[in-house]
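By written order: A, B, C, D and E. Residues from 1 in each chain.
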Amino acid sequence: MSVLQTTDIAGGSYSLAFFAMLAASVLLLIATSWVSGRWKLSVTLSALTTIIAAVNYYEARGVWLATSQVPLIYHYVGWALTIPLEVIALYFFVRAIGPVSVALFWRLLVVAVVTILARFMGEAGFMHPTLGFLIGIAGWLYLLGEFYFGRLGESVAKSGNEPAQRGYFWLRLIVTIGWAIYPLGNFIASFAGGTDSGSLAIAYNLADLINRGAFGLVIVAVAINHTHPSGAKKGA
Amino acid sequence: MSVLQTTDIAGGSYSLAFFAMLAASVLLLIATSWVSGRWKLSVTLSALTTIIAAVNYYEARGVWLATSQVPLIYHYVGWALTIPLEVIALYFFVRAIGPVSVALFWRLLVVAVVTILARFMGEAGFMHPTLGFLIGIAGWLYLLGEFYFGRLGESVAKSGNEPAQRGYFWLRLIVTIGWAIYPLGNFIASFAGGTDSGSLAIAYNLADLINRGAFGLVIVAVAINHTHPSGAKKGA
Amino acid sequence: MSVLQTTDIAGGSYSLAFFAMLAASVLLLIATSWVSGRWKLSVTLSALTTIIAAVNYYEARGVWLATSQVPLIYHYVGWALTIPLEVIALYFFVRAIGPVSVALFWRLLVVAVVTILARFMGEAGFMHPTLGFLIGIAGWLYLLGEFYFGRLGESVAKSGNEPAQRGYFWLRLIVTIGWAIYPLGNFIASFAGGTDSGSLAIAYNLADLINRGAFGLVIVAVAINHTHPSGAKKGA
Amino acid sequence: MSVLQTTDIAGGSYSLAFFAMLAASVLLLIATSWVSGRWKLSVTLSALTTIIAAVNYYEARGVWLATSQVPLIYHYVGWALTIPLEVIALYFFVRAIGPVSVALFWRLLVVAVVTILARFMGEAGFMHPTLGFLIGIAGWLYLLGEFYFGRLGESVAKSGNEPAQRGYFWLRLIVTIGWAIYPLGNFIASFAGGTDSGSLAIAYNLADLINRGAFGLVIVAVAINHTHPSGAKKGA
Amino acid sequence: MSVLQTTDIAGGSYSLAFFAMLAASVLLLIATSWVSGRWKLSVTLSALTTIIAAVNYYEARGVWLATSQVPLIYHYVGWALTIPLEVIALYFFVRAIGPVSVALFWRLLVVAVVTILARFMGEAGFMHPTLGFLIGIAGWLYLLGEFYFGRLGESVAKSGNEPAQRGYFWLRLIVTIGWAIYPLGNFIASFAGGTDSGSLAIAYNLADLINRGAFGLVIVAVAINHTHPSGAKKGA
């Protein structure tokens, strides 16, 4: 039997991430019944990312405990679904308060998928690492561009919905700062040889607490505030 | 312990399909509470196909990691339930917007079951492969005929329900293009010797993302749009 | 690791039965929220039979894959709960549309339990096989008598509820034809030596698809039709 | 792999108890949504006892199949939670129809916990077996005294609620007759050497079907009858 | 197979804690549908702590049965999430009945996280044990100060909501007495060499029954009383 030892910080970070994602999943799933119809989809999409992350961390932890390393593909299978799901959640978050085109939906989805795919192919050796890294960076910058200067931000600004504007600010910040771990880790894994894979795993796991957990909590907080305007929990 | 390696694309495709089906199942199950009564059955039937697929992929992935191949029967046990369930989901999708006979229900169900059964018996050697392939092709063409030229399409056209018509267009397209992988794979497995079973598995797994996941999402999108006509998530 | 091989039809039938019962359980559980109060109990009781069958088949499949046979007791533990539960579901099905006495409830329950118990004791050698077989036959005939000539049929006939009458017709047919597999298998196992246990398992597993799955679907179809009279899915 | 053999009646009784508790748990959990607010708590507490029992039996069955005996502590860990929970369920059952003091709640809870603890310590050798047995008997008699001659019975009698009175009669009978197995088994295990642990296990397992399952069904039957007075399932 | 032996009290305490947390989780999750909107969040947060504790105890029990000891990190991974979650639950408990600032939320959260982190680092040797112990004590005293003399107690006192005031009294008592086990255990583990790890585990496990289970039950009791003022279960 594989036992987690007290000094195995990387293993502990997998365990912590698993429990945190489990708790976030239950909270977000229950919260879908607290928010009004227009918010249900983005809250549910956030819940999907934490559910996927919870199962993914559970499996990755088992691999770590058995072999003291986790192949890249475990992280990338998770990201290939959770990152596009979060981009879509952000799209539907904005659509709950203002108009956005369906074409934007498809652009965001395709770019998010291509970004993850390129990083994976670069790191796994199916593509030249530099090319994979550059496509990944380009995709991320495109997404940030849409979030800061595109229709999404514009629609939020026009909505006049103050809690949603504050929520959008935080979600965008998570996507800017929190997601920076992915190209950074991609760079390290592709070019900076000899990294301690444990440290990178800890960084990924803690970053994902923000990128999955805090992301979903911001969405649900805005949704509850908007559903019950006079104080989040004062309505019956 | 069987560990998925980063370069094991076939194994990764099982893992990706498992997580995608898991997430789709949660989304579709929750969505059954968002749509009005007439749509609940077809959304729930879609959820059943993704639940079956999720468990099926979970088991198939375990077999792949342990033995680097997955016996045909794993795929066919899944298809034997999911393909007829989707045909039935399509039937109830149409019945939500217009009249269709109960006799058609039974015809579709029987043909779908016979189609899968014949393919399986051909590939597994319980029937002459050519015969199995031909019955499978005939069944598929019959189903396409019903969807394009039969009462289903007619009923949709008469309904005047524009979102449902668009949804039906996409569902039929998935059944035409996406399901073509099954007779194709059947042909390859039965006649074209020496195929790399990994490639076929990847093709099956990615196709099933469309055939199970996108199928269900189209149904739920139409159902939500029809339940809350003035913008999917603006109601309530 | 025990892997299901493509030519292992008996193993495949356990797998198919497991997936079918899993899907039926989800459908029936969700459907309890679609039907009006008077139908909830019989739909839920049907769901309990498919849940028990799903777990039972999951375990039996594991035993089959590991040892290529499944001891009788696996089937009988399942039947000892599912058969009485279905008899009770039929009782509450009728009670939803007309009066039936509580005494009948207890008679049906006791006879159903005794029937299964006698068959098991005969086959397992705790009782003379002939005696067990005869008690099993007597119990089954008594139940059929109640369903055809007793108060249940009478109450259904008097109700004037056409969909329920049609449903009762099908449920009774399942109990007559579908359940005939149990005394038949009991006879073969007790007296006809040298049977291929794989064939009997296949027969049991396919029969249970009807006896558990179709049984529950008939009940839920009647309940939905009665709850939303103007077309099953048009309400709400 | 540990396989249950057809002649292993004790193993079969663990399996039967597991499946029965599983089905009872699903039924009771669903039924919490059928009954009015005042009954929800006692129905839910009954569900908790069957859930604990289901998991407990699942684990005990595994131990039995692997070692052909189940250490006492498996049963006592279950009882340490289920017996007090049922005493509390009975308290809230009565409180749904008439006034009972909070002090009684604490007395019942403490006595129930002490009763189980004393039996366990006597049987496990942490206390003189005779002392443990006597404390256990005293606790049980105190509980029976409260149920027959204390405020609970009085409150039920004054309520004039006929279905609840009948339900209380049955619940008290289960506590009198069904629970007698526990001091009896305690006596046998503590003093009558050389018992066949299989027989005791069968007796415990079948008794728990009544003590957990029938107990919960009586509560839910009263709650449904009281919620929908004109026939349990006739209300919408 | 690892089997729990009757005299293994530490193992039994893991098992008991697991079952208790499982039952508490089900009860609290169901209870979220019984209470009015303002109470849903604190009840749900309590449910998250019992869910995390249930899974955590399940895993810790497995480790104990296999190796007769449980590395510290299992407890600390659980506490790192459950202790901050309970502090937050207490914050939202108060916010349901009176105004409290958002800044206080962040102070409580940060202090709770730092407290657990310092204890862990001290015990695991990543920090000087004395320093870890002192930071842990300081954090705990700060939290107690907020609960006794800060805005939370003030807001509760001003609310005039008698059941909430009584509930707050009990919650604060649990945090004062029940949580004292953590710095105490921290002291023993860091300084008092040669402790029997079994005794400490039993103390932790039984304390957590109060600190997780009773904590949640107090919150849900207040929430039910406030939602249905005229007697907890009398409302429909």
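Assume a contact is a pair of C-beta atoms (placed from the backbone, for glycine too) under 8 Å apart; a residue touches a chain by one contact, two chains touch by 3 or more.
Predicted, not measured: the structure shown is a model, and the values here were computed from it.
Each chain gets one centre point, the mean of its Cα atoms, and the points for chain C and chain D are 28 Å apart. Between chain C and chain E the centroid-to-centroid distance comes to 46 Å (mean Cα coordinates, whole Å).
Contact of a single residue of chain E with at least two other chains is seen at no position.
Taken as a contact graph, the chains are arranged in a single closed ring, with each chain touching exactly two others. Chains in contact form a single ring whose order, set by starting at chain D and proceeding to chain E, is D, E, A, B, C.
Those residues of chain A that touch chain B in the complex are listed here as 29, 32, 36-41, 44-45, 47-48, 51-52, 55-56, 62-63, 66-67, 71-74, 76-78, 80-81, 85, 92, 95-96, 123-125. Remark: chain B residues 1, 3-8, 11-12, 15-16, 19-20, 22-23, 26-27, 30-31, 34, 228, 232-236 touch chain A in the complex.
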